[in-house]
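Here come two complexes built around chain A, the first alongside chain B, the second alongside chain C.
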Partner chain A sequence: MANRNFLGPSGVVLGKGEFWALTLAGFSLFFGTWALVAWAGWLPANLLPSPLAVWDTLVRLWQQPFAGHVYADHLLASIQRFLMGWALAVGIGIPLGLLMGWYRILDEIVTPLFDSIRFVAPLAWVPLAALWFGTGIGGPLLIIFVGSFAPCVISAYRGARLVEPRLVEAAQTMGASGRQVMQHVLVPGAMPSIISGLRVSAGLGWQSLVGSELIVVGAGLGYLMVQGQGNLATNIVIAGMIGIGIVGFAIDVVLRGIEAWFKRRWGQA
Partner chain B sequence: MVGVATVASALALWWLATSGLRLLNPLRLPAPHEVWTALRQIMGSGYAGATLWEHALHSLGLVARGFLVAVVTGVPLGLLMGWSRRAEALINPIFLLLRPIPALAWIPLAIVWFGLGDTGKVFVIWLTAFVPSVINSFTGVRNVDTVLIAAARTQGASTAQVLRHVVIPGSMPMIFTGLRLSLQASWTTLVAAELVGAFFGLGRVLNIAGQDIFPGMILVGMAAVAICGAGSTWLLGRLERRVLNWRAAV
Partner chain C sequence: MSEIVFKAVTKTFRLPKGGDFLAIDTTDLRIEEKEFVAIVGPSGCGKTTLMRMAAGLEFPSTGTVEVGGKTVRGPGPERAVVFQQFALMPWKTVRENIGFGLMCKGTPKAEADAAIARYVELMGLAGHEDSFPHQLSGGMQQRVAIARAYVMQPAALLMDEPFGALDAQTRIVMQEELVRLARRNPRTVIFITHAVDEAIYLADRVVVMGRKPGRIIETIDIRPLREEGGWEAMPIEEVMDQPAFTHMRSRIWKLLKAREQEKPAA
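Our next item is the complex of A and B:
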């Protein structure tokens, strides 16, 4: 099995040693090219700082405030804003999707409305969000909400539709109340789909957060980057991108962990 | 039937809340006739430096360019990584590093590198669509049934023939899934990039309308973004049906 894992469709068998050597080469290629271009002076340092310069900037931003706060505060501001917007999308989207999956009439009412605004790119809500809720906390929250809402609704809806009607009927025949059916049959049945929807929506929500911070707020990683860009400080811009990448990665890892935990608990999904 | 009724009643509610009963401040939500006025203004004399057609065509052109470059560069790379474990081992680290960074986060860097003109926008759209193109082509190749490849081999097919007749057609459905996702994402990126700074385009319309506190024009801009996004997705769907028409026969 392990061996088959290293067999590509081309039929070439790749040994573990060769795999790691190539992976290492890939990482070195990336950082090597970057460092080479920066150090050789092919691009001016204010366009592309070297990897070490970016690292120094990160260390410095950790201690000295830039754009009003130290790095950790920007990071926390972004994470907090993301969690609030995403929680709102999950809290409204999942129940709505489940209800749409169970009650045909709700499905028929909501789906056309949903479809008619689905294609409005989340970031296109920015001016309206600023008008309605200001640029402080409400505006960005609406953007994150809009960005992550659709996958929540769709995954819960699909999950509810995938529950076998026979299971519901069986539970009802055995005298389960409406609440019991919901709690013991429908929600667990829809869970695998919901969990994978959560991952998609968190990714999109994080992305929308970055977009909204580039445009409307006064703290957070996106804001840090915009301020860096305004000062032509590419090292600060890249330092912001690294933070965004790490948090985005961490969110995905956590949700993958939850997904794996659910799979173990409720059998295969 | 219910669908038409709900959309109609939502529109009626909108009219009632804004013009009919004046429940909402027109600076928060414009009345239908204000949106109509804004639409006529931007279609006729123009707004934010151009008419609606010019803004929309400009945005469409940027998305088309960035998206095409991403497909042309991303799909072959993904196919290569899917086909060869060696290429995968070598190239995957770069994706591990770049993939968690959303394309939107590249916008400030793109502005420093390329300024506020078209190049920076094509660059971020390329980034948006490139990663899903690579990943889905890669997954597509890996999902091709190895028995089919072995069968083609046994019958004496060369590597080029296996690629041409088995691997690439087999990964097409997955590739198109990636393209559909990345096309939608491209529009989000473009709007964000144009909101951050641009001379033309639908995002520019939204930006100026936001600054002017012109809610009617904001809604026109949002609707235009939605129509362009839906229209380009529809075009891609037609292309997909043409390319994948063999699937119906299977």
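Our next item is the complex of A and C:
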């Protein structure tokens, strides 16, 4: 093999085969170590079940209801909850960020407030959400919203600020009205930043999900895990974690695809 | 009517550290209807600021700018601008970029399409209608920007060093094309440049500016030279070899240089 530089950002570029081989190696290492530790019996099986036992549990959860529902229903309940909370964050956060970027005065009013609130972790909102909404749908929505709101605002704000002033001037010299400038210049100009913000916010929103489901009675991956914990069923807890990981990854893949498509179209690839 | 008149215009900028900076001292300039005027000068002489005032993107501190007898109060489609960095919208195709002004105006689609097609043809952009700007070379992008300006049939065309970002060869081609376009489609033009050659070749009149403060040093009519020398029939490289041309070039250079040298003494 020719000499290749493995160090630094411009280091080695992997072929497709190499990439998949290394990915596979990473997973094998992880599951291998896990299986080994479980098999050696260093930890009791009720604290660390083997990968195979977790797989069996997953299959069983898929077929038989636990905590009132089969696995797919828990999964769907979580996804639905996430989509509602996230849509709320996007629907309010993106316009707010854009307006903050365009109107200096709004920026001055909102930014200090926003900067002080956004460091309160989504989980820290759980008690408040429980007090306000009890076990209703409002609680989880609030927490997912809190988790994904900040990146929406920040990315839209940055996008609005990054639009080339010359493009706005060009549009104005061609007779564009305020609304036309917004629709044809400011929004598309902010789009690449907004899209990458959507990706970050979806990730954070999905991560806040479990916290939100601690206060839900009914269905959801977080609820499944809490019930599993109550029954000392470690394999159910881990089965829930796997679902969260896979769905989170899938959301990221979809949004990454959209991001790449935009970048190609916008000529920034 | 589309003459551009600067009446006793001055421009003062407030400095961040406090105090004022006189960017343009009292300036009067009249550009007749369908006259092509090039403004040359060193950077910082306020030539771009003058153009931006005619565009309505900046406003004089005192005095007025009138286009077609009306005081300029903001940007408008009757005064098209071509920017040095093209300023095309990267998310719109060539066709959409050229048609943007027509769309804003609400021109019926069939009419707009016909107008766009005409300028695509005229600017040698055929086959690139559905490309995005980043897929085109700098020269091609500036063709789109010029087509976008002309398609509005503006009373005045304001060009801010439009060829400044192009390589030397592309620049010469574009200069020839602009002359061809300007003959076919005469407009009142302000053309900002720091290239003396370009100014003499393109313009009916060349306005020479100096700096500190920015002001007009001299205005030179090129039309007599062009007519006597028969430049219109010649390719650009031949025009630039004419003794009258080179003579004019050194005359303008001397004006610019004298002004720069005068400064340290003052």
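FYI, the second predicted complex is superposed on the first by the 238 of 269 C-alpha atoms of A that agree within 3 Å, B and C clash if a C-alpha of one lies under 4 Å from a C-alpha of the other, contacts with A are read in each partner's own complex, and residues count from 1 in each chain.
Here, a contact is a pair of C-beta atoms (placed from the backbone, for glycine too) under 8 Å apart; a residue touches a chain by one contact, two chains touch by 3 or more.
What you see is a predicted model; the values in this text were computed from it and never measured.
In the superposed model, A:I109 lies in contact with chain B only, and not with chain C. Of the two partner chains placed by superposition, only chain C is touched by A:R265; chain B is not.
By the touch criterion stated above, A:Q63 is placed in contact with neither chain B nor chain C. In the superposition on chain A, A:Q172 contacts chain C only, with no contact to chain B. In the superposition on chain A, A:G222 makes contact with chain B only, not with chain C. Contacts of A:G240 after superposition: chain B is touched, whereas chain C is not reached. Put simply, more of the residues of chain A are touched by B, taking chain B and chain C as the two choices.
Residue contacts after overlaying the shared chain place A:Q180 against chain C, while chain B stays out of touching range. Across the two superposed structures, the residue set of chain A contacted by chain B and also by chain C is empty.
Chain contact summary for the complex, chain A toward chain B: residues 6-12, 14, 18-19, 22-23, 25-27, 29-30, 46-47, 105, 108-113, 116-128, 130-132, 147, 206-208, 210-211, 214-215, 222, 225-226, 228-229, 232, 234, 237-238, 240-242, 244-246, 248-249, 252.
Chain contact summary for the complex, chain C toward chain A: residues 55-57, 74-77, 79-81, 83, 85, 87-92, 100-101, 104-105, 132-135, 148, 152.
Interface residues of chain A, counted against chain C in their complex, comprise 164, 166-167, 169-177, 180, 184-185, 188-189, 191, 265-268. Within the complex formed with chain A, the chain B residues making contact are 2-4, 6-7, 10, 27-28, 82-86, 88-94, 97-98, 100-109, 111-113, 141-142, 144, 146, 149, 153, 159, 167, 184, 187-188, 190-192, 195-196, 202-203, 206-207, 209-210, 213, 215, 218-219, 221-223, 225-227, 229-230, 233.
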